[in-house]
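Each of the two complexes below includes chain A, the first together with chain B, the second together with chain C.
After this line comes the complex of A and B, so read on.
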């Protein structure tokens, strides 16, 4: 067992750390969320416009022949993400009560729902069988760009939540300071809201 | 609840953008019901302009809600709401942190990898994993005590034994993956020339740096330029693809 410990490195007479200024992380997350909303929204708008121009040109159906988007998986993904909203709120609420055990369970469940969403997306893409190569009209790359972007945003939200969970585990957050979890929860809500925009624009209206 | 100046500004832009989306939809050929219902019934005119304005409006409303809750960061209101005696000023970091540019490197490698080569995906994932670990520990150490020097010592004691091997592995992986894409893309003779020139450049730079006093900033700049050059060369090489290789069959013929 190592005889070096943090207690030996830090003298007891040291001044305590300056407390964090409140709300900084939340405001930073709000600005990042705004950027993500506008970026993803622009991509989605481009997708819808390309689809509208395609349909207006009488070039046939938007989806290539043989490709179908089933609705079961997108709906299940929506339900999964709604469940994750509940667990994210649970994580914040339990940390506000200093109930760390429930916080860890809620953070873990939220990340599990995130993985479930990614797995269902992968399954949906395999069911659709839309070939990314050989589509001269550029429909498939655009389709994958929108879905892939949302997967990347979901990955970032999961990483944010995981890091804030670890920092909670390390004692950085408590009932009086839940800012990290607030920020992660806000970004998670934005991620889910963007999914519903994509769900409507891609999966429902097809 | 009184609206703060910041939230008024954000809500103003937000609702202005939503109103602008309606106007944009109408003047670009959309019908009123379509524009109001976001295209559920009827057209919205120019989809991109309409969509971007709608999302700008929603984004700014999110920012407005947050600035309302945060009361624009006003110290007096924050002390009342959070129950703390005083709101401390924002303390700038005592030492420079390279995790933000390194994470940008990882994200770029990941994106390039998705489009061009799985090798860059692996490089991006490794870079982001290292950054996540290092940044977490940096964030913890920065607030471990009120003494920045002690905080840095604590960070070094905790991550130091694995930091050098981790960053060295990452640097070696970046150089190997980036330079190998270049060497595979150029001709056989070209690859020898490129390797010799790159080796000579590295050797010459190291000799030069060992003989003159160089500040930490200049050293960081040189490393950053080298990292960008390796990544850019790797991207160009991966995009160009590998040259044709002549395989030797069992009879020894090309």
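After this line comes the complex of A and C, so read on.
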């Protein structure tokens, strides 16, 4: 048994540990995400309710004649966004390991998946052939409002992730502080979750 | 707290050099960028991100729009009181525009921004933070709101808004309101984040002051409520422009949006911070700290929860009838009244055991609290019809209700709105006077303050009674205009007009008081009211970074000698 006591190893007068920096960005992102979920959820529920009203009023089919919603593109978009979840988690995990090279690759891939989603949505809308305005537009503005809102949210998530990626590049974040990337990842997850709600309400149930 | 001592000496918080808010800080003078950003070179309002300055701007601008909204409402009431025809405006559409302008500016231009402004200024001080979270974002939110309100005014000026004749400006009105909602949302994110993430060491959530807790619940409620309004605006805009609905509701959709946030129970959301301010004022101005601190925090949280629930039920009732058949609304409305009463009763302990000084904040706190409870009790009357419907439908009963008690869809809800919003306005007057020393470093004139509170309270009572009475007499909810109504309804409409006139006078004096104090003598010292929460340990107005050293608190009343530690007795 050694004569050295714990008191000699750890001085009694050792300063207390510095408190962790409050995760303001994460908290703020969570609150903003809650608002985005409520707002997009409201839009989606208005869409579903209007569709129910339309069908109940015996005004004909919900989709205008000649308009069809193919399922291939929505499903591919879902898969793309699921892939993006993996890359976003990869970005956070590599930042936690101070592995910046992997962080940049993962952030870049996530943003690329975001662009791919936007491109696929544009292609889907062109396939659907919904007129954006005019007498034949009918319910088209509703589709564009909901889908467009999600595109805007996706754009915001991409910008958030890009900014946090650049800040990581600039050294603002490191293995001890991944707050920025963590917040961006949280918002990305919310964006993808909202897509799945939209996928079911608009593309699947049609 | 004993006399003759500097408040800073009485500051019982332990002071330590270690900064509680940052992980690493090069030196004591450096500040956390997220919490206390560098002020612009100009140092003026346009470039500042100082939370007190931004809050001051919200309060000053909101007060002006509050007055504007009340004047628009007053003009609509003048038109409505005379049922013989249109005198002030040309037709029903213009009347609807005037009526909606009153609602929009009163709530989204006045009451909400002032509450946000007070929270922006005060919350960081009360929780012992060096600043507001995302302070630049808060400043951007203010300027976006101001610009958006300008857009809404422009839209009204060019025949936009609900029932407007120019579709382009109707659309502009909707866009302006969307931006108003987004800016208020962003401001609320900063407030809630500050409460959750930037509290001083030792400041647990159960130790935060009642006013801050009220603002927190209010902000979270806003995050869950305003996005629905924004979504409704988008949908109403689409309906206006493209008419996608099976039955063309057209611009009626926009009227619905205006109504949604302006009638109870949605308005109970506004009651939450008002009650927080009332309890805070009661605790300070009676010289006896609130004894049932944790209980009151829990009740305020419950009120926010129930009010939001009631809010959701009212949204779900759109398109059917306001009467609900599931009983949830009835329970929610009943609960709000009970909770409000319990909060006031708990705060009443300070009045009973303390030494009340009849200051404007105390008067406003008591009066606004009582008006809110009165409004919540009156709201119960509207539940008789749904309850009877529920019983008839589910228990195979056949209870016949007198027509006078079928209040849903009548201007009864206008009266209810009068009670709730009027109480909120009176509470705001008291709250602004209570914190004026911190917000702009000057005290306000107590005489003018008392007059504005009394005029506001009398106006609220008469406005509320007028609307409720007209509802019992069967007057449909505004903006429907009926001609040839009976003299009873006309009398109640005149009462509403007089009530609104008194409220305009009260708010007018309040705005005057603000500007008189702004150009008046700067206050000295730190502690005009002998409060026991952290904000009273700061300079007036607070220095940059608020506190010389980061406070560490050990109780809910850190400046009091005999701390109750916030424990319930």
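Heads up, the rule we're going with is that the second predicted complex is superposed on the first by the 182 of 206 C-alpha atoms of A that agree within 3 Å, B and C clash if a C-alpha of one lies under 4 Å from a C-alpha of the other, contacts with A are read in each partner's own complex, and residues count from 1 in each chain.
As a working rule, a residue touches a chain if its C-beta (ideal position, glycine included) is under 8 Å from a C-beta of that chain, and two chains touch if they have at least 3 such contacts.
What you see is a predicted model, and the numbers here were worked out from it, not measured in a lab.
In the superposition on chain A, contact of A:57 is made with chain C only, not with chain B. Residue contacts after overlaying the shared chain place A:166 against chain B, while chain C stays out of touching range. After overlaying the two complexes on the shared chain, residue contacts for A:23 are found with chain B and with chain C alike. By the touch criterion defined above, A:38 lies against chain B and chain C together after alignment on the C-alpha atoms of chain A.
Contacts of A:46 after superposition on the shared chain: both chain B and chain C are touched.
By the document's definition of touching, neither partner reaches A:174: not chain B, not chain C. Of the two partner chains placed by the overlay, neither chain B nor chain C lies in contact with A:97. Look at A:68: by the touch rule set out above, it reaches neither chain B nor chain C.
With the contact threshold set out at the top, residues 15-16, 18-24, 27, 31, 34-35, 38, 40, 42, 46, 176 of chain A are in contact with chain B in one structure and with chain C in the other. Looking at the complex, you find that chain B touches chain A at residues 39, 46-48, 50-52, 54-56, 58-60, 62-63, 66-67, 69-70, 73, 78, 82-84, 87-91, 114, 132, 136, 139-140, 142-147, 150-151, 153-154, 157-158. Chain A meets chain C in the complex at residues 15-16, 18-25, 27-28, 31-32, 34-36, 38-40, 42-43, 46, 50, 53-54, 57, 59, 133, 137-142, 145, 149, 176-177. Chain contact summary for the complex, chain A toward chain B: residues 4, 6, 9-11, 14-24, 26-27, 30-31, 33-35, 37-38, 40-42, 44-46, 48-49, 52, 148, 159, 163, 166-167, 170, 172, 176, 186, 190.
Residue ranges of chain C in contact with chain A, taken from their complex: 18, 20-24, 34-35, 133-134, 185-186, 189-190, 192-193, 196-198, 201, 220, 223-224, 226-228, 230-232, 234-235, 238, 241-242, 244-247.
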